[in-house]
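First chain A sits with chain B, and in the next complex the same chain sits with chain C.
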Partner chain A sequence: MEALSVTGLSVTYREQDGELHALGPVSFQVDRGDFLCVLGPTGCGKTTLLRTLAGLEVPDSGTVTMMTGRGGGVPVVGYVFQQGALFPWMTVRSNLEFPLRAAGMDRDRRHGEVARMLDMVGLSSFAGSYPHQLSGGMQQRVALARALVMGPDLLLLDEPFSSLDTRTSQELQNSLRELWKESSTTVIFVTHNIEEAVYLAEKVIVLGHRPGTVVRRETIHLPDPRSRLSGPFTDCLVSLRRTFESLVLGEHQSSTKS
Partner chain B sequence: MFEKLTFDSPSMRVHGVLVDEDIDQVREFIGLHRREILDDGRLVVDFAGSTGIDTVTAVIVFDFCREMKRAGVRVGIENAPETVSRLFDTLAKFESRSRKEQRPSSFREVFESLGRDGYEFLSLVVTFGEFLFETVGSFFQILLTPLRIRWQMVFYYMEESGWKAIPIVVTLNWLLGVVLGYQAGYQMRVFGAETFMPALLGYSITWEIGPMLAAVLVAGRSGSAYAAEIGTMQVREEVSALRVMGFDTFSYLVTPKMMALLFVMPFLVLLANISGLFGGLLAGTMFLGLPARTFMSELGKALIPLDILWGMLKSVVFAVIIATVGSFMGMRVRGGASAVGQATTSAVVMSIFMVILSDALMSLLFVHIRPGLNM
Partner chain C sequence: MKRTAAATKGSLLSRGLSGGFAGVLQGLLLPALLLLVWTLSTGGGRETLFPSPGRVFSVLAHPATDLLSQGSIAWSAFVSVSRVMVGFSIAVLAGIPLGLLMGAYGCFRRFLSLIVEMARPLSAIALLPLSIMVFRARTLTQVLGLEELVYRRHILNELQLGMVFILFWGGVFPIILGTMQGVRSVRKLHLEAARILGAGKLLTFTRVVVPSALPDIFHGLRMGIGRCWMVIVAAEMLPGANSGIGYMIRYSYQLSRYDVMLASIMVVALIGALFSRGLEALGEGSLVLRSRER
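And now, the complex of A and B:
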């Protein structure tokens, strides 16, 4: 069943020195419980796409249709930002409690949920710390926990691990994949890192240069648990890298030449 | 003897590949035949014997052809390989573009840029109008559910923007009161009219200087702080995070600031008035020999409660302006840290401008509201 359907979505920013066609038109569907990676070069409108899905940008044309939420109403959307966007004046616990309190959850359930979530991301002992006291990787864990604490129907992640070192980033990828497998959440993950996409996703769409449009759709057929050193993984990685380079980088070279 | 170019009027033939090492010789060759070509009125650059030309020599040949064209020579290029013709096309395109950029601004362009600036200004006014509308709307909406107001933040901003502003507001108004009292009295004494100084001082301070100076100081202290605070949150995507979680950013970020200013501004104005008048009293007794008793009784005769009240009422409008403009400029921030700085500056400039503009309008109104002066 479709969780999300995007048709002819196109976004233009109006800036002081004219218009910037940032994205589209883009069309794709995501099934319920699927893990989709949106792969594209820098500046192709990946973030714009995600922000539009979250309702943070207004498209000039196209439609986004979403499933109804698990409660039968509006779907709950979780969003993990590139730099975490944790509230610096709140402790880790308050950061996690914040959306729950806004949703009107009572105190005891709130505390229970937050404790469960902190345990899941392995940060129980840092509940009383402030974001600036944590390392970058821990901050992104908190950001992930904050997005998951509401039990989102749709989880959007905007290159959340791109500013972390490789090891931390891989650890977080493992956690994310595990968390996703345990839940029924639909995930859309934006990245420019091909390996990340192959490791995480079930489906990949590749966006071309600005204004980004879908140049390729791929399905990743890899068994679980995924290993970055296995033969099938490497094959898949190489094939996607080839596709990416010929479609996206090739396109770029020909466009700069002419 | 340079072998890569030969000239046989009107044809200049290129042989082999011209590269940047040939520049001097190409120049020399061209110079040698310039006269001849000009006299002849025709030039054909023939690439039949050539396979290519590099960018630098292409520019030289292209420039020469252009110069000849301007001098009235008919110029043709023949047998150019594709790479060469493409280079020449690019050069021609580049030239026409750069000429367009360098052209001295014509009448039409002046109007164009005026129109563009005007349009930008108008769209700024329209978006600010929408923002103001939303802010005031969500303010009244939240008044219906007072429990949802973030009182903690309201008190925080009251302390930051009100309590902490008292020293500077009082000091500056007191100083201005002294100066104004002394200057006015000094002039009036020439006519023996220094007893009217308290009235003049009373009117100017309670009507204009007190409310206005307080507003300008609050705009400088707090309007900029609001813009910087929201702007930084915008850059760090915290505003987006709030919106994704379903928060109304107006009632969360803007309303507490506006409410705090609405509470504190009237009192700041009252303090500004009192300290300004006290400064005038000091000037009167110290420099003009005007007894304090006389000063007070003259002041009492001149002022009515509406004078004080009006200044406090005006400050309510100023509070709305300062809080909304500061927040508006913060919300408009896109990009990085430098945008926050710009937003802070524009917040101060625009709120002071709007404070003075609205003050002028309200002063016009006040003339009609207030009963005649009691002299």
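And now, the complex of A and C:
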């Protein structure tokens, strides 16, 4: 069953010095409970795509159709920004409480939910810390927890681990994959890192240069637990890299010539 | 970039102490030197026009003693501080809501900005005659209807509406502008995060906009109280005033009691610094949090 269906979505930014056609038209579908990676070069409009899905940008054409939420109403959408979106004046606990407060949950239930979520991401002992007291990796872990604490139907992540070092980034990828396996959440993850996409995703769509359109759809057939050192993983990685370079970099070369 | 919570706390503390004991000594060096020069240039038992530190400090050492039959230094300072407290409080009560509205809504900003821009550079002292013309000599005693109850030397009798008004004027603009600046400089990312997390307008305002504007609001408050203090001392030196620390400076000058004059000036400096430091300490927490964000 489809969780999300995007048809002919196109976004143009209008500024004082003219227009910038940032994205599209793009069309794709995501199944309920699926993990989709949107892979694309810098500036292809993948962040714009995610922001549009979250309602932060208004498309100039196209439609986005979302499933109903588990409660039967509007679906709950979680969003993880690249970095720095935690509220620095709030403790980790208050940051996680914020969406629950917004949903009108009472104090006792909020505390229960936050404690459960912190335990799940292994941050219970940092509940009283402020974001600036945490490392970059832990901050993004908190950001992930804040997006998940509402139990979202759809989780959107915008290169959330791109500012971290490789090891920390891989640790967080492992956690995200595990959290996703245990939940029924549909995930859309934007990245320019091919290995990250192969490790995390069930499906991958590749966007070309700006204005980005879907140039390729791939399915990653790798069993769990995924190992970055296994033969099938490297095969898959090499094949996707080859695709990416021929489609995206090739396109780039031809476009710079003209 | 891994930092433990304990290490961060340590650096915060040492930053607050600004270098510890050695730092305090460094800070005291120049004042001590100036005191020495002052002592040497007025010492040796010679009667100089400029009073010696000993004479000035003996005035300061007895702040409750009646001076020049105009009340004590402590009373004069209390009168000035009370005036500032009343005027500044009204400025805060008006300035913060106005600043919040002007920061949050473009229509409010456009509606008020011309008036604020014109009124801001207008010295509060320039308005004193107008203020006295409008408010006459009315004091808080009369406003509160307490003429029967308060005795002559009661603080309420010293709180003239004209003074309160110019203090309000002196304090309100830095507060408005600081608050507005704070609201306008809220990071877009935080507003978007709040929106995605499902926060409505009220929650976004109280939990996101106001906390992130707090450092600028405190900055405005500091500027405001500093200006109030300058305004009141100047206003009390003008004809018509007959109480307050500014009046004490002028009156002691007229009677050539330069020891009292210098002691009063020192009290003015000290209280001004205390006001500023007090608000700084209050605002420190919010400043630290926002400046540390990544």
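Keep in mind that, in the parts below, the second predicted complex is superposed on the first by the 257 of 258 C-alpha atoms of A that agree within 3 Å, B and C clash if a C-alpha of one lies under 4 Å from a C-alpha of the other, contacts with A are read in each partner's own complex, and residues count from 1 in each chain.
Just so it is clear, a contact is a pair of C-beta atoms (placed from the backbone, for glycine too) under 8 Å apart; a residue touches a chain by one contact, two chains touch by 3 or more.
All values derive from a computational prediction rather than experimental measurement.
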| item | value |
| --- | --- |
| Three-chain arrangement built on chain A, chain B and chain C clash or fit | clash |
| In the superposition, chain B vs chain C on chain A residues touched | C |
| First (chain B), second (chain C), both or neither touched by A:131 | second |
| First, second, both or neither for A:181, with chain B first and chain C second | neither |
| First, second, both or neither for A:85, with chain B first and chain C second | both |
| Which of chain B and chain C A:217 touches, first, second, both or neither | neither |
| Partner chain in contact with A:109 - chain B first, chain C second, else both or neither | neither |
| First (chain B), second (chain C), both or neither touched by A:54 | both |
| First (chain B), second (chain C), both or neither touched by A:242 | neither |
| Interface residues of chain A shared between complexes with chain B and chain C | 54-56, 77-79, 81, 83, 85-87, 98-99, 102-103, 150 |
| List of chain A residues in touch with chain B within their complex | 16, 51, 54-56, 77-79, 81-83, 85-87, 98-99, 102-103, 150 |
| Complex interface listing, chain C residues touching chain A | 1-5, 8-9, 189-190, 192-200, 203, 207-208, 211-212, 214, 286, 289-290, 292-294 |
| Parts of chain B lying in touch with chain A, wherever the complex brings them together | 120, 236-238, 240-241, 243-247 |
| Residues of chain A touching chain C in the complex | 54-56, 77-79, 81, 83-90, 98-99, 101-103, 126, 129-136, 139, 146, 150 |
